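The following blocks contain the structures, represented as structure tokens.
The two complexes that follow have subunit A in common; it is paired with subunit B in the first and with subunit C in the second.
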Partner chain A sequence: MINPYYEQILILTVINIILALSLNLIMGYNGLFSIAHHGFMAIGAYGSAVLALSFGAPLWLAALVGMAVAAVIALLIGFPVLRLRGDYLAIATLALGEIVRKLWPVLPEQYFGGAIGLKDIPQFQARIWANVPVSQLDQALSGPQGWMIRLNGPMNLISLVITFVLLLILVGMGLWGISRWLYRLGERTRLGGRPLVIAYWVVLGVGLLVYYRGLLGFAERMFWFDRALSRQAFASDQWALFLLFVAVLFLFTWVVMNYLNSLYGRAVKAIREDEVAAAMLGLNTFRYKLINFTFASMWAGLAGSLFAHYQLSISPEDFNIFKLVDLLLMVVLGGMGSITGSYLGGIIVSWMPEVLRFLAEWRLVVYALTLVVLMIFMPQGIYGYREIRLIPTWLRRRLSRQGGEVA
Partner chain B sequence: MTARGRQAVGALLLVLAMGALLGCNPPKEEEGGKQATTQVAKQQAREIVIGADLELTGPTATFGQSALKGIKMAVDEINAAGGIKGARIKLLEQDNKGQSQEAVNVAKKFAYQDQVDILVGAIASTLSIKMAAVAEEAELPMVTPASTNPAVTVDNEGNVRKWVFRATFTDDFQGEILARFVYEDLGAKRIAIFYDAGQDYSKGVYQRVKDVFTSLGGEVVAEATFTQEDIDFRAKLTKFKESDFDVLVVSGYYDKAGLILKQAREVGLDKQVVGPDGFDSEELITIAGEAANGVYFTTHFAPDDPDPKVQKFVQDYKARYGGEDPDAIAVLGYDAMYIIKDALMRAESFSRADIRDALETVKEVSVTTGTVTIDQQHNAFKPLVIVKIVDGKRSFFKRFEPPREGQGSKEETPAGAGKEG
Partner chain C sequence: MVLETEDLRVDYGHVRALRGVSLKVRRGSLVTLIGANGAGKSTTLKAIIGLVRPSGGRVFFENRDITGRPTHKLVAQGLSLVPEGRHIFPDLTVRENLKLGALLIRDRREEERRLAEVMEMFPRLGERLNQKGGTLSGGEQQMLAIARALMQKPKVLLLDEPSLGLAPNLVQLIFEKLEELKRGGATILLVEQNAYQALRIADYAYVLETGRIALEGPAKALAEDRRVIEHYLGG
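After this line comes the complex of A and B, so read on.
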């Protein structure tokens, strides 16, 4: 069974990645400094929570409506706002985010909960196979659904492995990116690329050994291995919720990858490079900006809705300027115009403050210092305008040899 | 050669620096983690772990810091006096930056990672509401020292949250006492109310004052609202002058109240002003100046209360924290620990369920701010203090013992009140 504390951070990571990637569509891929993203997240969260709480809508419907509401509002707002450029756009969108935050306490309290917000929001129930209380486990095993429950144990184990592999890939991505950057830094200075990278890995290894007593120690903290608990894991879908969130994330990533390679995505990137040139080529730049803005805001709405139904209570202050700072941090730190970068940004911003908790009051100082250092040495972010290649280049060449040039 | 040597030295330095950074801290964390994993070991070591999830940084950091000072002082005192049946209290503290997301993260960390016995926090009601959901899910007793919003201890249907307790009174209770004070002590029959429509705190107090005052036989002759962005209240205050009333109730925080007091003087509105505990700040007097004199407000405690227990607390606090005056939040944090202590002393075991049961039956425990009973709504039933501003100083006016027959709405009676007769 996963430790709910880690589950919390993992799920927040997923939500943050969705937010980072959708904001990256506007900032990184379209080059617009629009900072109303937390507002659209709030609209999605409130839309979905109000629908579920006051009207008893099923959650999938509530989430879809939350997305739709965010998209419609983005469309309406984008119409005047996206005609602005540069600083003016930033100011207008900043104001927009603030207006949204100030809106909730004014709306009817029986639906929107006033300044204190909404609580006891229904939770996503992810159920793949079966979910029975431990006390009724033996009874249920002999019942008609017994085979489902028997499947649960192995399926939970498989889910655990999937989760762990996912984590390794995500963390590996970050480590790989930093190594590459260190190598280049070493080559440029007199330290030498290879020693620097080796030193980095040694430090990391030693750190891991000392801090967590090895990878297993970390796993032990994160996952509870206990007879009573494993019995519970056997009975219920402990992993389903997290896997559901991951599925949504991957679906979203796939949609974004295709979107970026579509006519719309390419138009959006052309506008980033040179709006006048794009217009000269006959692109209706305003139209593409509006579509992109609406598309990105819709996903922010989804992230908000996931947040509301996982956190179970929301208040206007959840979507204040600090949330915006977190969002900007994820995009800028991870890397503008990069899917990999958005993943990394989401992971770093979600995990780093928690990992640094042992530093007590020095936590925020160290966190801020790390960010400053990263920004000084990596002004484009860790993966700015680059992507990681999941398939190594040589393999990709060989595979596409029949197909000709690699795109 | 030299280049290579430099490489090696550089790499070595880097390793050492990062090793030192990573290496120096784990023992602390390890201690918490290990002790968490083995409940049995903890019982043998006789240690009760309390996790404090507070706003130690961020916009409301002063509240969290004050509360933590009070809590630490109480924990040290309890441990010095022999602990709980021989068991020491161990305090873990974590910062939530005043952000609800962090508050939930910390609550989950305490509940599952550190496996604390009691969760304490937060100060702001919005944070406490989110933590309450975690406490319910994890079946972990939670005590909030100073969140006064009624919604903290109840769910959407109005049912009491099983695991969540409050070591102070609610805004409803405060509003009721304020109304009684105005009606009975100040002898006012007609009042006007000025409140912030955008704040639950302000609105809650307003609603309660209005309800109780009218039920006592008084009359609310005028009411008006302001917002957090307002800085000029003159037009609305001038409007108040048209109606005839005895007392103006201003339901809001000190920043707005200070301006209102000052501007009321300017427009010639010379009525008695009263307010809730949002007035309790030195800033109120700084902003309002002369106009603050004569104002009454309800609060948790006054440093110049002649009560010997209060005086002892103030002296100890000053001695411990270098002459610093304690504020209301500090004393609430301090008292919360003594309420928890009382529960722990009576708990059958130190399991979460037994601690919860004991917290529910806290009855007439004598703490700094008076005698506390936890009622059926899991709120503390305790006296209030009325403070009057005299010559630019907040001075103790009277202690307001709550009416025995009922706190809050009529149907809820405090636990044990019936048996008292």
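After this line comes the complex of A and C, so read on.
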């Protein structure tokens, strides 16, 4: 069974990746410095929570409405605000985010909970395969449908394995990406690319060998290998929730990949590169900026809704300026204009506070220092304007050569 | 008249950039607008194509009032601007840049036909189709910018200082291409600082001074005008 503490961080990681990727649509792909994203997350969270609490709406509907409300408000606000450029846009959107935060205590307290916020928000109910709550598991196992649930044991193991493989791929992507980056860095300096990369892998390997005990210790803390607990663990609602959120994340990523290759996505990137040129292509630049802003804010609303129904209590202070700093950090650190970068940013920013927990109040200082160092050595972030290719380049080239046209 | 402005005025805050510019462009002619820095040449083009909002006056395109209409609609109707400073996409290949020019055309075959036409006109670009736009020389980038605008088959081509920052032999080349376009029947409104070259190839010319038209006439006549020679041709 997985340690609930790490389970919580994993779930927050997924939510953070959704936020990072949606903010990246505005900042990285459209080149607009808009910093009201935590506001739209709050709108999604409150919208969905209020609907579920006060009106008893089913959660899927509440989440959809939360998204819709965030999108509509983004559309209304984007209309005047997106006519601004550069610094002016940043100032206007910053003010916007703060207005949203100050709005909740003023709204009717019976619905919005005032300054304290909302509690006892209903939780997403997700179950793996067996439609049986944990409390009734033992009873169900001995009942007539018990064989089905027993079958689910190994099935759940498979889903567990799939998840870990995905995590491994993500970590591998990060390590491999850093090696590629070092290679390019070495090529530009006198060191040369290859020696630097070899040194990197050697250090990494030696580090792993020396520190493997520490890693084992971490794995022990993260996963509870306990036979008695594991039967319950596989049917755990929390773990199912994680898988559900991962499914939402992958769906979102797929939508974004398609969006970026559509006319809309291409228009948005053209506007980032050169707004005058984009206008000269006959593109209504304002329209595409507005659509993109609304689209991205809608997904921030979804992330907010997932957050609310996972955390089960929200307050205006959950969406303060520090949340914004986290969001910006994810996008800038991971890499502007990159899906891979958004994933990396989301993972790093979610786990860094936990890893740095022993620093207590110094955490934010380390945050800031990380940003400064990063901006000096990697001004575009770890994966700025690049992607990890799931198909290696040589294979892709061979495939496209057979296919005729080179993509 | 395919394109006409009537008493066009533009203010940037309290600064008056244009104080009433009236000019006419006949179909199939090459009209040039010359003048010193800050005379309002670029502003005139921007006001025509809707990049800045005029504070007074009117713009007619094919006898329809298009004053203050949004840029993307004008581009779709057949007005194309090659902006000052080229504005090509440096990270895209020449082919991709050109295809973007035909963004509004859905028909793939029509797109290919136009690409072939444009490459016939600019063989240098044809040789560099798979090269990134940013790796081209200044002159080639300017040709790419013009070619991209031509992919839209504009009824009127607006050019903002195509010779800016180019070596003299390349300036010569660009102007030869413009002459070739004119012979092919294109309608062009050319804004230039290089008055000598512009007057050599133009049919009609306007001289802009601090937001007003100071002089106008057939290009040949203006090239011999004493005031023009003194101020713009360095004679």
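Note that the second predicted complex is superposed on the first by the 342 of 407 C-alpha atoms of A that agree within 3 Å, B and C clash if a C-alpha of one lies under 4 Å from a C-alpha of the other, contacts with A are read in each partner's own complex, and residues count from 1 in each chain.
The criterion applied here is as follows: a contact is a pair of C-beta atoms (placed from the backbone, for glycine too) under 8 Å apart; a residue touches a chain by one contact, two chains touch by 3 or more.
From a predicted model like this one, the values you see are computed outputs, not experimental measurements.
Peer 1: Tell me which partner A:Leu283 touches in the superposition: subunit B (first), subunit C (second), both or neither.
Peer 2: So A:Leu283 only meets subunit C here.
Peer 1: Who does A:Tyr5 touch here: subunit B (first), subunit C (second), both, or neither?
Peer 2: first
Peer 1: Between subunit B and subunit C, which one contacts more residues of subunit A in the superposed model?
Peer 2: If we count touched residues of subunit A for both partners, the winner is B.
Peer 1: If you stack the two complexes on chain A, which partner ends up touching A:Leu61: first (subunit B), second (subunit C), both, or neither?
Peer 2: Touch status of A:Leu61: no partner.
Peer 1: In the superposed arrangement, does A:Asp274 touch subunit B (first), subunit C (second), both or neither?
Peer 2: A:Asp274: touches subunit C, not subunit B.
Peer 1: Look at A:Leu369 in the shared chain and tell me whether it touches subunit B only, subunit C only, both, or neither; answer first, second, both or neither.
Peer 2: Touch partners of A:Leu369: none, neither subunit B nor subunit C.
Peer 1: For A:Leu251, is the partner it touches subunit B (first), subunit C (second), both, or none of the two (neither)?
Peer 2: neither
Peer 1: Looking at the overlay, does A:Leu76 come into contact with subunit B only (first), subunit C only (second), both, or neither?
Peer 2: After superposition on chain A, A:Leu76 lies in contact with neither partner.
Peer 1: Counting contacts the way the document defines them, which residues of subunit A are shared by the two interfaces, the one with subunit B and the one with subunit C?
Peer 2: Residues common to the subunit A contacts of subunit C and of subunit B do not exist here, since the sets are disjoint.
Peer 1: Which part of subunit A faces subunit B closely enough to touch in the complex?
Peer 2: On the subunit A side, the touching residues are 3-5, 8-9, 12, 53, 105-106, 114-117, 119-120, 190-192, 195-196, 198-200, 202-203, 206-207, 210-211, 221, 311-313, 315, 317-318, 322, 353-354, 357-361, 363-364.
Peer 1: In the complex of these two chains, what residues of subunit A are touching subunit C?
Peer 2: Listed in rising order, the residues are 270, 273-274, 276-277, 279-285.
Peer 1: Help me check something: in the complex, which residues belonging to subunit B touch subunit A?
Peer 2: On the subunit B side, the touching residues are 3-4, 6-8, 10-12, 14-15, 18-19, 22-23, 25-26, 28-29, 33, 56-57, 93-95, 97, 99-102, 104-105, 108-109, 111-113, 125-126, 129-130, 133, 137-138, 149, 151, 155-156, 198-200, 203.
Peer 1: Please output the residues of subunit C touching subunit A within their complex, sorted ascending.
Peer 2: Where subunit C meets subunit A, its residues are 51, 70-72, 75-76, 80-83, 87-91, 100-101, 103-104, 149, 152.
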